[in-house]
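Listed after this line are the structures, all set down as C-alpha cells.
Both complexes shown next keep chain A, but they swap its partner, so chain B is in the first and chain C is in the second.
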Partner chain A sequence: MSLWRIVFKSLRQHRLSTGLAVFSIALGVALLISVISLREQSHHNFTQEGLGIDAVLGPKGSPLQIVLNALYHLEEMPGKIKWSYYKKVIEDPIVSDGIPFISGHSFAGFRVNAIDDRFFTDFEFLPGKHFSFNRNAGGDGRSFQSRNEAVAGWAVAKMLDIKLGDTFNPVCGVNAGDPIHVNDTLTFVGIMAPTGTPHDRAIYIPLKTFYTLEGHGQDVAQMAVDEDCREISGAYLKIKRIRGGALHPGIQDLKYNISQSSAAQLVIPTEVLPRLFNIIGWVDHILLAIAVLVTLLATLFLFTALISALRERRRDIALMRSLGAQRRTVFGLIITESILITLLGGILGLCFGHGIVAIGSYFIKIETGLRFSAGYLSVADIFVIPSMLIMGFLAGLLPAIQAYRLSVLKNLTPVS
Partner chain B sequence: MELSFTGEYKMAITIDNLKVDYCNGGESFTVVDILSWHVEKGEQVAISGPSGSGKSTLLHIIAGLLQPNIGLVRVCGQELTQLGEAQRDQFRAKSIGYIFQNFNLLQGYTAIENVLMGMTFSSQKPNRQASVDLLKEMGLCSRLNHYPSQMSIGEQQRVAIARALVKKPDIILADEPTGSLDPLHTIDVIVKLRQACQQHGCTLIVVSHEQEVISSFEKQVFFLELNRAFDGKAVTV
Partner chain C sequence: MLKIKAFIRFFIAIGFGFFIGLTCNEQHAGAIDKKETTASHSKEEEPAHKAHHQGCLNAIETCEVGHAETKIEGDTLKVWFVGGGTDTGRSVRVPDQIINLTITTPDKKTKNLILYPKPNILAEEKAGDCSFFEGKAPWLIGLQKFNAAGKVNFKGKERKIIIEYPKGYDPD
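Moving on to the complex of A and B:
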C-alpha cells in the first residue's frame, strides 16, 4: 500500500470534515478570484480604455457627472452647451472629430440619446472598433435615416425583447413619472451588435428628432432650424494622436482654454475615471478583505479539522509507527493531507471563481454594458496555487508536529 | 544512514546487563533488569509473569520502540542501543512483526489493506498475492475486504498475524495476542501463529499470562516481581 493511498484513505475516512474544508476553502478562493478579477477588469475598463472617447465637451458642472452621463448613461447632464461653441471647439487643430448628443430622455428605464448619425459610422467605441448592425455579430437592421426612426443598443433590445419594426414613445426625462411624448412614436430600425460597452444600454434617436418632439416648446423646435440658438448636452471629441498613439499634448491647453470660458468645459475621461474608481475603491477593498477573511477562516477550519481528526487517529498513527513508519513519514502524511485539501479547495475555488465571473459578467453586461471576461487571468490566478500550498503547509504544520511527537507506547500500550 | 540487515547471525536476541528505569514524581524505579538473555534464531519463546513486571517493556525494547537506560540489546545481529530513532524505525519496519492484544488493526482499512500496510513502511514492494495467501492461510479467504468492525476479535487477531508475517520479518513479537479471546479461539490463534512462524522461519516471542498459552511452548521465561528474568534452563539471572 502506497503512502498516497494512505493519504487518500484518510481523506475518505474523514470525508465530511474533508469535504467541508475543501468547500470552505473553495468558497474563499472563489470570492478572492472573482473579486480580484472583476476589480482588475473594471479598473481596466474604467481607467485604461476610456471607452474610446478622448474627451467630452460638456456644460459647466461636475466632470464626474458629465462622464457618467456621456459614457455610462447614468446621472444627468448638469446643463447644456451652445451648438456654436461646439462648432468652435471642433475647429481646433488638435480636434479631429466631434459627435454631438443630447441626453435627458428615456424609455423603460433605458436612456434615449439624440445623436448625430455619424455616431454609427465614424465613432470608435474602442480604439479601431466601430458599431455594427451585422447579424452575424448579433446586430440587425440599420442606423436611423429619418426623424421617426431609432436604434436600440444590444442590451436594451435583449432586455426589452425589441425587434425591428417595434415602436416606442420616449419619456421626457429620466425619472419615474416624467411625461411621455405620446404623440411621438418612433420605430426601431436597427439593433446594434454587442460592444461590451455601456453604449449597448442606450437607445439612439436622430439629433434633430429631439428638437421636434411634441411638448418641447417653440424655443426648442426653433433649435432644429436655427443653429445660433441650438443647444446640445455635449459632444464626444476625438483628439489627434502623436507618434506612439498618445493624445496630442495640446489637449491640456485646449482644456484650459475651454475651462476659462463660461460656456463649457472639456472633460478627459481617463483623468476623471480613476477618481471615480478611488471613490468606489473602498467597496472592493471591503470585498477583498471579506474574501481574504473567508479564506483565512477556511484555513483555520482546516486546521481544527486536522487537529480533531488527529485525535481520532492517534491510535492509527501509533500503529503505523509500530509497523515501522518513521516520525517524518507520519509528519509527511499529515502535511500532504493538508496540502491536498487546500490544493483541491484552491482548484475548485479557481473554477468557482471564474464561474462567478462568467455568471456575473452576463448580468453586468446587461446592466451596465461593460464587458467582463470569465477567462481573464488576474494576479490572483497566478498566486492562488502557490498560496494554497503554503496555507496547506501552515494549516497542517501543528497537527503534523503533534503526529511527529506522538508517543507510540502511550497510544498503544497493551494490557499486561 | 541506510541500514543493512543482511548479515548472518546465530542469536536472534542477545541481551546483556539490560536495565530500564522509570521516573515517577522524582522517584525512580526499575522495570526491567536482565543480566543476560539469549534467544536463538527460529526459537519460539513464551514470556509470562505478573502485571507490571516488565514483559511488554522488554518487547518494546526488542522492537526498538524504547531505549534502555543501560545494557546491550542486539537483535538479529543489530546493536539497537547504537541506533538512532529513525534507524530503529527502519529496523522495526524490516525485521520485526508486532502483534498487540487490542487495537491491532487500522479501523478504516480492510483486512487485505491492513496486511498490505505491514509492507508499506519496510521499503518492500507491496505484494498483494502474498497478502491474500497469508490471509487464506489464516482461514480468512472470505474476509479479505471486510473492515475490522465487521470481523470478530479472533479474526482480527489472525489478520494481525498475517500482517506481522507478510513482510517476512526475522522476529515476531506478540504481546498478549489472545488476551481478548475466549479459550477456544485462544488455542486456534496460538496454533496458527506458531505454525506460521515455523513455516516462515521467524523467531517468535509471545507474552502472555494465560496458562494454556504458556504451557504450549517448550521454552518459557518467567518474569519475577523482582524484575529479574530467568528461564528454567538457559537464562542467567
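Moving on to the complex of A and C:
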C-alpha cells in the first residue's frame, strides 16, 4: 500500500474533522482574498485612473468635497463660481477644454446634474473613452437637444426601470423632503451605455434648463441669458498633454494662480483621492487583520484536529512501525495529511474569495457605478498557495514529531 | 533524526521567507501609498518652506515676513512674492511697477536686471498690484548660481531683497 493511499484512507476515515478543517481554512482564505482584492481594486479605481478628469474647477472649500461631488456624485458642492471666471480659466494656454456643470438636484435618490451637451461627445469618462448611446453597447436614444429633455445613466435606468419617453420631475435638493419642481416635467430621450464609472448613476439635463426651472427665482432665470451674472457649480477641465501623454507641467502653476483668487480653486483628483485612503486606510487594515486571524484560527483548528487524531491512531502507527515503516515515513504521513488539508482549503478559499468579489462587484457597480473584476489577480493570489503549504507544514509539525517519537512497544501493549 | 531536523529547518526558513515577502509587499505598497499621500499631502497641506514653483525660497528680511521664490527658465528670471513662515503658497502683491536687481555671477561680475510685473489674471492682479515678476536677459541662459540684491515695497514697507540662487536665503 502506497503512502498516498494511506493518507487518503486516513483523511476519509476522519472525514468530518477533515471537512471542517478544510472549510474553516477555505473561509479564512476567502476572506483574505476578497479583502485584498477589493482593497487593491478600490485603490486603483479611486486613484490611478482619475476617471478621465484632469482637473475640476470648483468654488473655494474642501477639495475632497469637490472631487466627491464632481466625480462620484456624492456630497454637495461648497458654493458656486462665476461663469465669467470659468471663461477666463479655459482661455489659459494649457487648458484644452472645459465642460461646465451644475449639481444640487436629484430624482429618486439619484443626482440630477445640469451639464453642457458636449459632455456626451467630448468628455472622456476614462482616458480615450467617450459616452455612447449605442444599443449594442447597452445604451439607447440620444443626448438632449431641447430644454425639457434628459439623459439617464445606465445604472439609474436599470434601477428605476426607465424607458425612453418616461418623464420625471426633478427635486430641488439632494435630501429627503426637498421640494419638487412639480411644474417642470422632463422626458428621458437617452440612456447611456454602461461605463463602469459613477457617471452611470446620474441623470443629466441641459445646463440652461437648470436656470429656468420654476421656483429658482428671476435672478437665476436671468442667468440663462445673461453670462455676466451666470453661475455654475464647477467645470471639468481637460489639460493639454506633453510628450508621452503626461499632463502639461504648467498645471501646478495654473492651480497656484487660481488658488490666489477668492473666486475658485483648481482641484486635481489624483492629488486629493489618496488623502481619502489615508483617512479610511485603517478600516481595511482591520479587515485584513480579521481575515488573517480567521485563517490562523483555522490552522489552529487543524492542529488540534491532527493532535486528537494522532491519539486515536497511536496503535495504528505503532503497528505500521512494527511492520517495517520507518520513523520518517510516519513523520511524512502526518505532514502530508496536514499539507493536503491546507492545500485543499487554500484552493477552495481562492474560488470562494473570487466568488465573493464577483457578488460584491455586482452590488458595488449598482450602488456606485465603479467596476470591480472577479478575475483580478491580487498579491494574495500569488502568495496564498505557498502560504498554505507552509501553514500546513507548521500545523502538522508537532503531531508529526509526536508520531516520529512514538514508542512501538508501549503502544502495542495489549489493552485488555 | 539529523536529516529530519535539517528538513524542518529548511522548511521553516522557506516559510519565513514567504511570510516576509507577503508582509513586505503589503508594507511596501503601504509605503508607496504613504509616499504618494505624503507627496500629494505636501503639495496641499505642507506649505512650510515649500517652493510651489520648484524655485528657491529667499527670505525677505526674515522668514516670517515673506519670501521671494526665484527660478531661472532659459533667459528668464522669475520671482514670485509669497507669504512668510508656513504661508509660502499664498501670494503677496506688491505695488512696485518695476524691481531692479543687481546680480553677482560666480565670476564676480555684477549685472543689472529689471523685473517687470506679470499680473496673474486669474487672481485679478494688475501692474502695481502684482505678486509675480519676470526679467529677461541673454546672459541668464545657463546661469546655475548667482547672488542678487534689490529692494521691494513688501507688506507696506520698503525692504531689501537678498537672493542666493539656487540654495535660497534664510537668515534664521
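Note that in this section the second predicted complex is superposed on the first by the 413 of 416 C-alpha atoms of A that agree within 3 Å, B and C clash if a C-alpha of one lies under 4 Å from a C-alpha of the other, contacts with A are read in each partner's own complex, and residues count from 1 in each chain.
Criterion: contacts are C-beta pairs under 8 Å (C-beta built on N, C-alpha and C of every residue); 3 or more make two chains touch, one makes a residue touch a chain.
Since we're looking at a predicted model, the values are computed, not measured.
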item	value
Simultaneous placement of chain C and chain B on chain A, clash or fit	fit
Which superposed partner A:169 touches (first chain B, second chain C, both, neither)	neither
Touched partner set for A:212, first chain B, second chain C, both or neither	neither
Touched partner set for A:42, first chain B, second chain C, both or neither	neither
Which superposed partner A:316 touches (first chain B, second chain C, both, neither)	first
Which superposed partner A:281 touches (first chain B, second chain C, both, neither)	second
Partner chain in contact with A:328 - chain B first, chain C second, else both or neither	both
Contacts of A:383 with chain B and chain C, given as first, second, both or neither	second
Per-residue contact with chain A, leading partner among chain C and chain B	C
Minimum Cα separation, chain C to chain B, after superposition on A (Å)	10
Contact residues of chain A, present in both the chain B and the chain C interface	327-328
Residues of chain A that touch chain C when the two form their complex	43, 47, 63, 85, 88-89, 92, 252-254, 256-261, 270-272, 274-275, 277-278, 281, 288, 327-328, 331, 379, 383, 386-387, 390, 393-394, 397, 404
Of all residues in chain C, those that touch chain A in their complex	1, 3-4, 8, 11-12, 14-15, 18-19, 21-22, 25-26, 29, 33, 36-37, 40-41, 43-44, 52-53, 89-91, 120-125, 131
Complex contacts: residues of chain B adjacent to chain A	51-53, 55-56, 60, 63, 65-66, 85-86, 89-90, 92-94, 96, 98, 100-109, 113, 116-122, 126, 163, 175-176, 179, 207, 209
Residues of chain A that touch chain B when the two form their complex	1-3, 6, 9-10, 12-13, 315-316, 319-329, 408-409, 412-416
